[in-house]
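Below, each structure is written out as structure tokens.
Two complexes follow with subunit A in common, the first pairing it with subunit B and the second with subunit C.
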Partner chain A sequence: MSGGTQLENANPMVFQRSGDRLLTANDEDEDVHDPIDHREIFDLIRSISDPEHPLSLEELNVVEQVRVKVNDAESMVGIEFTPTIPHCSMATLIGLSIKVKLLRSLPDRFKIDVHITPGTHASEEAVNKQLADKERVAAALENSSLLEVVNQCLTPNRGI
Partner chain B sequence: MAADGTLMLSLVEEFVSGLQDSKAKEAATCVKDGQFTILQLVEALGLSLTSSQPHTRARGVQLLSEVLHDCYGGLTEREVEVLIAFYENRLKDHYVITPPVLQGLRALTKCTVLPPGSAVSMLRSLFQDVHAQSLMLAERACVYNMLINLMATREAELKGLGADFVFGFVQSMDGERDPRNLLLAFQIAKSIILRGYDLGKFTEELFEVTSCYFPIDFSPPPNDPHGITREDLIQMLRDVLTGTPRFAEFLLPLIIEKLDSDVQSAKLDSLQTLTAGVSQYEHKDLAEFLEGLWASLRREVFQTSSEKIESAGLAALTALTSCLSRSVLNSDSEDSLSTFLDLVLKDCKHHLCEPDLKLVWPSAKLLQAACSASNRASHIITDAVMPSLIEQYNSRAQCSHRRTLLEVVQRFIQSVKTCENEESVFLAFRPSLCTMVFSALAETNSSLQITATSVLTSLAQQTGLLLDSDIELAVDHLTRLLLTEEDDRVSLAVVECAGALAELHPAAFITKLIPRLKKEIFSEPMDQDDNRVASEKKSHHAVRQRCLSALAAVAIQPSVVQESTPVLLDVLSSAHTGGVVFSVEEVVLACHSLQRIAERVQDTEETGRCFHDVVIPRLLSLALQAALQGEGSPGRRSPLVEEVVLSAMVPVISTSCSRLQPTLAGQTASRAVSLFLDGDVSFLPDNSFPSNIQLLKKQQGDSWSQSQMVCLLMGCVCSLPRSVEVPRMDHLMTELEEMSCTCSHPLSYTSAAKCFAGLVNKRPQGDSLDSLIQRTMKRVCSELDSASSPVRTQAFTLMIWVAKALLLRYHPLFTTLTDKLFSLLDDADLGPAAADAFWLLMSDSADILNRSCHADVRIMYRQRFFSENSAKLVQGFNAAPKEKKPNYLKALSNIVNKLPKQVQVTELPALLSLLLEALSCPDQGVQLSTLSCLQPVLIDPPPALIQQLEALVSRLLALISSPAMSVRITSLRCIHAISRFPEHEVLPFRARVLRALARPLDDRKRLVRREAVQARAEWFLLGSPGGS
Partner chain C sequence: MKEDLALVQTLNAHPDSRCWFVSWSPTGTLLASCGGDKAIRIWGLEGDSWVCKSVLQDGHQRTVRRVAWSPCGNYLASASFDATTCIWKKKNNEFESLTVLEGHENEVKSVAWAPSGNLLATCSRDKSVWVWEVDEEDEYECVTVVNSHTQDVKHIVWHPTQELLASASYDNNVCIYKEEDDDWECRATLQGHTSTVWSLDFDATGQRLASCSDDRTVKIWKESPNESGQGDLSWKCVCTLSGYHGRTVYDVAWCRLTGALATACGDDAVRVFKEDESADPDQPVFSLAAQVTKAHSQDVNCVAWNPKEAGLLASCSDDGEISIWRFKPED
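And now, the complex of A and B:
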């Protein structure tokens, strides 16, 4: 994001970050089983950096806790994400980052579904199709320059 | 003489034809010793200097130059003149002769007897006959050093050369590439600029020849012997480029150009150079570049991806604005400051009206940076910005918007420096700012309230801004929030704000807040039998809790302390009498508040009297009354006999004795001693005590309520400054020893042992101390050695505390105690306790034997203990039977855990195998303590650890399936830390670790999963593009 290049959306809306999850007595009790819940999944993806801004997906409201579906017993996770503008060229990349983050962070029993919030992007269907296609995701991650951008989004505290 | 002549001739011969370099040194020594003169040397060199072979001539000149290098101090002016003439002439000779000629000239430039005019003539010849950049590295350095030497001693003469000097230098350095020489060249350029040499028409040339290196891009080779860093070069070059306003017209466009760069370090360097430069400029130097500079700065802050660049950009804007603020206005010129600020306002102000968009913060930061530059700038900016911010605040309904606006306002208030005798910039906005803050405090949104408290604090810190009526209104709001607001974060912020305000405006707090809090604290919860009783009690407790902490927070000024401490003491006495019901927790809080006041209050006579004459006697009196009622009395028992309450009283007493008024503290100590030894109660208020009080004697029927009061004695006598004497020391020590060895109540015997140890630590060195320790040791050992003794634990406790007291002061008798302690590691009953005792020895204790209690604590006592005892521990481990080994491992990890990190890193190699052993020890305590001592070392791993990586990784991976959650968590953190080891070392483990970390992702505990996720994410990034 250097020099004279202009950003697609230079002045986006910024939303408040939610605080850290409060620690409960149950969390520290050895005998209680803590199921994987909405908040836990949301905590995994909310800090992913936007490819364009030094802001997190949560601050840009691209991901929201209410758009996370999870069922621990049936090992299902569904995420809807909302690009900041309907023509955002980064939508696939953002979706891919979310997907990769979850693949790395969840037990492999989970089936992970990542798609665009219906009606919020011009080429919604195409992007969803790409993200749902296992082989295309795997192929994308073979591409080292794409992997590099994804890894940068997943690296905590970007910048020098 | 003849012999000398031959000696010299042979030296010359051996150097010139024999090519023996060492002969130059010998010749120099001879000249220095006066065996022969320079003239004789030149005569002896005659043939070599006139030889037709250039190489022979070079060799001859080299000998002369090397001798001069050592002997230039002894030359006469006449000799120097002749030599200079000779060398100048040789510059025109064959190129192989040039290097030694330059060395000779360099030696001559160091002469103090340079004849007038010779500096100029040397430089003229040099510039005329030598093309510096076609010389080798060392010869170029020679040229620079000549210039540096001459500039140091012959400044006036060189200035006589006029601009020719600058031109000559520019030509000499043009094209220099070696960083070592660049440092020299930059040094010359800096002197030229700063010492006021005439740049003539070569200003631009001098700028060009230096600025071509900007921004510096240099990374020293690994193991660089010259030690030149990038930062050295950056700083030197920056000094040159920013040294004179005459460079402004060239430098500013260059900076604007470089800010366009993609390289982050270039941007940073440009911004810092700009900041340094404008500090010397005037507004006319900047005028034509202001728009360009602003556009670049704005872009860097608006679109930044790095905090460093952002803050450098903001600093540059502040510097720029303060440069413009310095300019003197005259009637015909435009006001460049306001023109510039108009530019800034035009681009930034409208973003402040969009509090939910990204650019609100960068814009606010830019405006604040400009605002902080000068008084005039802050007036211009605040006049333009504040009305619209206030209007925005009033028209917006959404809390998040209002909060953002309030935070922006707060930053503006903070960015303006307050001056003692100038009225605040915000004076005109005082009414509307107060309305805004008070309306925010009245909102229900907690983050809005929190922000409002910090705005209030900032406003109060603007001298003379707030009126008394504002403060009173603020106190009303704060009181209301304290009494009603349930949110912890809000009450914390409110208490903090009250503290800050009370320091500046105590009166309003004394008259309004404290009486109100008192009333609230002493009001009883509603009807006891009510159904809602549980929840109501809870909220009533929370209110009291906040009131108690607010009483401590506001008490910084002595006048407030006088008002708030009686309230807290009343809480304790009502709790004791049962007049008003207080829970044990509330009583403890009241003690904490007293302690906090004692910690923060100014140490004046007034506050000293308050604590030593009022607070401490009251505390002792109440505790004694409670103790005399006894633990078994029918009906309710006073909360003041509870261990938690007494332990909370101890720091009140020890803080007052250690930091308030030493004379009064001494008085308190002697009163306390006579209370405990003789039962002298005369100084206690509410005096209706029986006459036969014996607090340190064994009580009837093992009653502990009186004996445990010894902890209060400890708080008092162990925290005195070392200049204050404790009376009747020997008697006191005997009683304490007796009590610690015979009493059966843990708090009593432990406190007696600690008190004994605290006194031992401060006792002067000498025979009486030694015999005291030996006597005590004898008693302790005899108890410990008899396996059936009922007071082994007591004896052990006394031993550990005395050991700690001696360890801290490096007392020689400490070793006998350590030996005993080591032998106890094999003890069937006390073994685990002995292992834990090492933790106590190595850590700081909170109540006694620390520096704030004025204890005798030598620096690095931990290292000393470690270096003297680690070998014993290893030996003991190897010799111990299998079931005792965990004790040794635990002791070791307790010691290593507390060592400073540098020592851990150096000592680790020797202990690593033992620590790795400890990781596979089945005892979870040992595992955990070893993990926590490894974890910090892993952040910057020593080579020994890297060699053992295989063993380390396998043991850690085994621990991530431990049944104990804390072990799983800590081992995952260690694995996380290993991902930051040098990449080539850990990459081979990547696949294995990633596989192993898949399992804890499905752990039953969320906290474990979180660590696993973080560790696994890092290991995924390892060796992957864009990862590190």
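And now, the complex of A and C:
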């Protein structure tokens, strides 16, 4: 996929990870329905690995909690992600990893929209269109080599 | 809305998977479905219930995206993400794989039989539309490859009476093809949708074409009168249905018996529109006659009107289920 040893973004800016979620009494109560909120969604995607660097999407500021939109009542989730550089060729792969992680983790009722943060990528319309096309996504995930790469990005590692 | 769309039955058709498409046989007695589990299922009525009559497995290595019955009802064609199209022949009550059509570079998105039964069209993410000819010995030969789209071709449909083909694409356009000197050519490009066109359907006479899109609208196109025969065809958009669909409209089906228009939407709803009888035929008006907002628990991928029984509608969804509905128009 990426071929040689040249990294596209050899010196990315690294951001600090946010701490663990503080649990409230309601969170612990089994009888209270927990609507899915943006912290929960962020917790699902923050540790996804970048395809090129041994860093998470959170550490690279590719995903931020503030760019997660959730409406549990309407079963909708919207994620904006920011590629580290405007010509990042990994953008589609990163978007796909985020989408797959959420598809696998959230209840089936959810509609999941993953977009590039407006103004941060040269081909954002083309990438957004591919990510929004569920037929293209489904076919891509039947490609075993691509699925392997996505799964690697989704594998928890490095004891985070 | 005084009309009603009543649920007749729900079938757990493709468990743990998604059902992409349903198609009624020409006599309306069988329903074929296909899905992400790589299988095709044939459903028939037993008493008052629809039951699974057979399962066609091992025909494809990947998702089966579309199935199409031949006009005589004896053959079934299936289009798959494995880049092949399989032709099945009906023998007694079972289906046997007759032949596999290869050639597309990647996923085959749709397949359709011409009303004559002698021609078959397929389309693919490789941006092309292929037209195949079938002879009396059940031999298939590709006669044309047309590359009129700049992106993934999602669906193709044949005109109900003429040898005319229409295609819908990720490039936001619809193309209309006619045969000229043994070659199929794109004779009109219908522009207007602002995102991927997912599906198409002609009305009963073939004078109008409905298209649906990721832009959340349905458009009705009509052929403008032109100098007969020669040159390019001219189709204009005469109506746009917007504001009804909350997400991508994946399918549109025009009932050949009643003229009702059904849509399958990513907001989990099935909707039926009816044409206002008193409107100018060149400026048709459609209004929402019935809708089921939670027709399925996930995206609705396909809607299909039964060709013989007016008002009987099938839909299928990402939740793997098929639902059969009865649309009762007001008297």
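By our rule, the second predicted complex is superposed on the first by the 153 of 160 C-alpha atoms of A that agree within 3 Å, B and C clash if a C-alpha of one lies under 4 Å from a C-alpha of the other, contacts with A are read in each partner's own complex, and residues count from 1 in each chain.
We adopt the following convention: a contact is a pair of C-beta atoms (placed from the backbone, for glycine too) under 8 Å apart; a residue touches a chain by one contact, two chains touch by 3 or more.
All figures in this text were calculated on a predicted structure; none of them were measured in a lab.
Look at subunit A after the overlay: subunit B and subunit C fit there side by side. Once the two complexes are overlaid on the shared chain, A:111 sits against subunit C while remaining clear of subunit B. Of the two partner chains placed by the overlay, only subunit B lies in contact with A:40; subunit C stays clear of it.
Counting residues of subunit A touched by each partner, subunit B versus subunit C, the larger count belongs to B. By the document's definition of touching, of the two partners only subunit B reaches A:148; subunit C does not. When the two complexes are overlaid on their common chain A, residue A:133 makes contact with subunit C while staying clear of subunit B.
Across the superposed structures, the minimum distance from subunit B to subunit C, using CA atoms, reads 6 Å.
In the superposition on the C-alpha atoms of chain A, the part of subunit A touched by subunit B in one complex and by subunit C in the other spans residues 108-109. Those residues of subunit A lying in contact with subunit C across their complex are 108-109, 111, 129, 132-136, 138-139, 142. Touching subunit B in their complex are the following residues of subunit A: 1-4, 7, 10-16, 27-28, 30, 33-34, 36, 40, 43-44, 53-55, 101, 104-109, 144-145, 147-152, 154-155, 158-160.
Note for the complex: subunit C touches subunit A at residues 18, 36, 62-63, 65, 81, 106-107, 109, 125, 152, 154, 170, 195-196, 214, 247-248, 266, 297-299, 318-319.
Of all the residues in subunit B, the ones that touch subunit A in their complex are 260-262, 264, 299, 302-308, 351, 354, 356-361, 400, 964-965, 998, 1001-1002, 1004-1007, 1009-1010, 1013, 1016-1017, 1020-1021, 1024-1027.
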